[in-house]
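The following pair of complexes shares a single chain, subunit A, combined with subunit B in the former and subunit C in the latter.
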Partner chain A sequence: MSLLAVESLVVAHGDLVAVRDVSFNIEEGGVFVLLGANGAGKTSILRAISGLNPPRSGTIASDGRNLAGLKPHEVAAAGIAHVPEGRRVFPHLSVEDNLTVSFLVRRTNLKLAQARDNVYALFPRLAERRRQNGGTLSGGEQQMLAIGRAMMNFPRLLMLDEPSLGLSPLLAETVFERLGEISKLGLTILLVEQNAIALRLATRGLILTNGQVVLLGEVSALQDSEFVRHSYLGL
Partner chain B sequence: MTVNGAGRPRSTVGVSGEPLWLLGVLAAVAILPALPFINNFIIAAVVRALIFIALGQAWNVVAGIGGLLSLGHGVFLGIGCYTMGILFNHFGLPPWFGVFAGVALACVVAAAMGALTLRVRGVFFALATVSVSLALVQLSRHFVDLTGGADGLSLKFIGNSLWVGQSRTPTPFLYAGLAVVVLYYFATRMILASSFGLTMMAVRDDETAAAAAGVAVFRTKLFGLVLSAGMTAFAAALYMQFYMAIDPEAAFGLSQAIQLQLPSLLGGIGTAIGPVIGGAIMIFMSEVTNWGSTKIGVEGGDILVYGILLLVVVLRAPQGVAGLFKSAIVR
Partner chain C sequence: MSGLLVGGVYGILAVGLSLAFGVMRIINFAHGELVMYGMFAGVVASRMLGIDPLLILPISFLVGALIGVAQYQIVFRHFVGQATLQQLLAAIGCALVLQMIAQLIFGADARTATSIFSGQYIVFGPFFLSKAQIVAFVIAASTTLAVSLLLNATAWGKAVRAVADDVEAAEIVGINSSTVNIGAFALSAGLAGLAGTVLVTYFPVTPVIGFSLMPMIIIACTIGGLGSLGGTFIGGICCGVIQQITAMMWNSALQDVPLYVLLLAFIAWRPTGLFGSRVE
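Then we have the complex of A and B:
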């Protein structure tokens, strides 16, 4: 059974169909990338999985358990963490409290302090800023906090929506490096990106255009695809 | 932060900086009646301040900590006052029991309002609180036998009696008010430091991020609203026993709704100390302007002053007086 099995997913916002008949499986381990241009339906797929935006039809299952129709907090409790687009930290809560919020899901036997130390080990900047409010952090730090907060859920699948968005190339590089380390820890990652650096990290993935899958497979196949060559390499 | 004995994670909000000076002020208030130059007029003003501090503390829970802008918390004040008054006048039930009937009814109404409006985002909740206020004005005018209609409901006066919570002098209400304010102050600190408070603040700060982090958003908002409504209806007991009367305007009117919000907005929204400072300022200003406007024969001067105060705070110190203190200390 797959860690995540999406089948014939259709997501619509009113009359506008954002995702048409999308199917893919994610197995345990590795980084699965959802690549596509703006408005291709990437965010809609993530929001459908995490329950923020229930799908019109199709099934979403984790290890055979149906997730469609669950509330966002129930999906989080089922071990699927979502880092929404745009570095959404809690601006008036300290870094520490930002992390604690996710810990309340309680998917671990670790103590709160230990769980936080795990995050601080990955993102030492957050440890330095632990008493500061989330809203006072820089863009890169906020993205790290958003990722760290999702890790406090102790998820089986970590879903990230364009973590490089709005960051300088250098910071984006750092974020992807950290994601690589997280992946090495054994956590499965579902990464939504427009940035081609994501391909370096990915093991498998799919390319989305106008809400439909145009290519699904190993990362080498994606790299050779016309979409990637055209969009990112200018060939 | 460490995990406490019960193993429940807590927030780091509101656990530092015990304001010892506050305890000093409260002690000073407690010995007021014993001071030679203090008369009942001054004590009554302090009681009014304590009542509106308590009501402000209750509003602060849902609006300040939970970020749900309730523009009609008079609904819960009115439900508390009317329930107690009707039970006393018609059935002779003392306020000590009536208050809990009022709290229960307020919680039920809050839960119903929340169930209908809190699933959707945005201004629906705020608008619903206004429309329920307007509906209750009409209802309380309509059922004249029960509520006294537009004239309002006056408690039957028995005289000095602890059993029915009545007194000719304001001093007993000073201690009752003080007790409620202290209780609510520490309750607010506990909420701020609890995991429940943490989820409320997370929802306030960013609903989507909170949901993604695993917070049950709807349930959190609903609990916050019901808690705040119950606290308001409980503090309503002070209001009803002290003023001995309630009418549709005083319960559900716009100016009352503003007076319930002002203490937190002036003093510092979302903090434990904010409504205490803000309520004191509000009543002080209102006493001064009422005295002034009687002198020059104009009515409603206090509302004008509230408006100006609110403008100044919103423009110059959005974190309220408590925020000003905090930034002064940081500098």
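Then we have the complex of A and C:
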């Protein structure tokens, strides 16, 4: 059974159909990348999976368990973490409290402080800023916090929506490096990106255009695709 | 000086409203009715059971919280995140129903309750102060402090503030925002109930008192900043002090006039109040 199985997914915002008939499976391990231009429907897919935007039709299952109708916090409890577009850290909570409130699901035997220390080990920068409010962090630090927050629930699948958006190339590089480390720890990653660096990290993926899958497969196939050559390599 | 004491009670009356707004963006126009039930709880204790109203504060809190949860389940949960006109009308409807029920149970007459401090005064320098008001202020201030601690130092309180900051983000990290909302609303309503019982030790209650308390509650919230609990409490104190000064210097019949002017000024120039609108 797949860690995540998306079948004939349709997502609509009112009359606008943002995602049409999208199907893909993610197996345990590795980085699955979801590429697409602005407005392709990437965020809509992630929000449907995490229960923020219930789909119009189609099924989403994790290890055979149907996620339809679950509230976002129940999806989180099922081991699917979502690092949302725009980071969305809690601006008036300290870094430490951002992590603390993200530890309610208890998917681990670790104590709160140990879980936080794991995150601080991954992002030492956050440890230095632990008393600072989320809203006063730099964009890169907020992204680290958003990822760290998602790690607090010890998810099986970590979904990230354009983590490099708005970051300097150097910072984006750092974030992707950390994601590589997280992936090596055995955590499966679903990475939504427009940034071509994502391909270096990925094992499999798909390309989305106008809400539809135009290519699904190994990362080598994606790299050779016209979409990637055209958008990222300028060919 | 007695303006300060009265203002502290305005503060605690307003803190609950401010909390519900900060977390859920709901303005509970029936907040004054929750206060009214807290006041009647004090009357029942004092007149029928012969118990000092100040001893039943936990029960008053529960009375307020229970009515609040009923309000939330029936009305407000449909309006979370939207302080719309419909929400206001629903809240006013809610207030009228609560008034009617009180009228049926308690009748329309003004009732009072007496605590061991009622009707006693102490002289403090040039001031002549009601003991009931001093006690009321102390309870109001310490309750506000306790709520602030609850929100800032406990896991539940932090979850409440997370929901206030960003409901969606709170949900995706695993916080059940519906239960957090019910809890926060119950706390808000419980505070109103508790404040009512404190108030009735020096101020008589009628079933329609809610609507006469509401302007002061709103002004306190506007000055302090809807959502900011400490700010709201200070806003309440400002109201009490300004009222008192106006009554002394000018005319007690016009004591609320500067407050309304101030309300308009804040709405025009600083709608987020002195302390902004974040929950803390």
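The rule is short, and it goes like this: the second predicted complex is superposed on the first by the 235 of 235 C-alpha atoms of A that agree within 3 Å, B and C clash if a C-alpha of one lies under 4 Å from a C-alpha of the other, contacts with A are read in each partner's own complex, and residues count from 1 in each chain.
The criterion applied here is as follows: contacts are C-beta pairs under 8 Å (C-beta built on N, C-alpha and C of every residue); 3 or more make two chains touch, one makes a residue touch a chain.
What you see is a predicted model, and the numbers here were worked out from it, not measured in a lab.
K.L.:
Clash or fit: subunit B against subunit C, after overlaying the two structures on subunit A?
P.N.:
Partners clash after overlay.
K.L.:
Once the shared chain is lined up, is A:S225 touching subunit B (first), subunit C (second), both, or neither of them?
P.N.:
neither
K.L.:
Count the residues of subunit A touched by subunit B and by subunit C, then name the partner with the higher count.
P.N.:
Of subunit B and subunit C, the partner in contact with more residues of subunit A is B.
K.L.:
In the superposed arrangement, which partner chain does A:V101 touch: subunit B (first), subunit C (second), both, or neither?
P.N.:
In the superposed model, A:V101 contacts both subunit B and subunit C.
K.L.:
Mind working out whether A:L52 is in touch with subunit B, subunit C, both or neither, as first, second, both or neither?
P.N.:
After superposing on A, A:L52 lies in contact with both subunit B and subunit C.
K.L.:
So in the superposed three-chain picture, is A:H92 touching just subunit B, just subunit C, both, or none of them (first/second/both/neither)?
P.N.:
Both partners, subunit B and subunit C.
K.L.:
Is A:P72 touching anything from subunit B or subunit C once the two structures are fitted on A? First, second, both or neither.
P.N.:
So A:P72 meets both subunit B and subunit C here.
K.L.:
In the superposed arrangement, does A:A113 touch subunit B (first), subunit C (second), both or neither?
P.N.:
The answer is first: A:A113 touches subunit B but not subunit C.
K.L.:
Quick check for you: in the superposed arrangement, does A:S2 touch first (subunit B), second (subunit C), both or neither?
P.N.:
In the superposition, A:S2 touches no partner, neither subunit B nor subunit C.
K.L.:
Could you pull out which residues of subunit A sit against subunit B in one structure and against subunit C in the other?
P.N.:
After superposing on chain A, subunit A residues 50-52, 71-73, 76-77, 81-82, 84, 88-93, 97, 100-102, 104-105, 149-150, 152-153 contact both subunit B and subunit C.
K.L.:
Which residues of subunit A touch subunit B in the complex?
P.N.:
50-52, 71-73, 76-77, 81-84, 88-94, 96-97, 100-105, 111-113, 131, 134, 146, 149-150, 152-153
K.L.:
Using the touch definition up top, name the residues of subunit C that touch subunit A in the complex.
P.N.:
It comes out as residues 155, 158-159, 161-162, 164-166, 168-178, 278-280.
K.L.:
Taking the touch rule as given, give the residues of subunit B at its contact with subunit A in the complex, in rising order.
P.N.:
Touch list, subunit B to subunit A: 1-3, 9-13, 195, 198-199, 201-202, 204-206, 208-218, 270.
K.L.:
Please output the residues of subunit A touching subunit C within their complex, sorted ascending.
P.N.:
Going through subunit A, the ones touching subunit C are 50-52, 71-73, 75-77, 81-82, 84, 88-93, 97-98, 100-102, 104-105, 149-150, 152-153.
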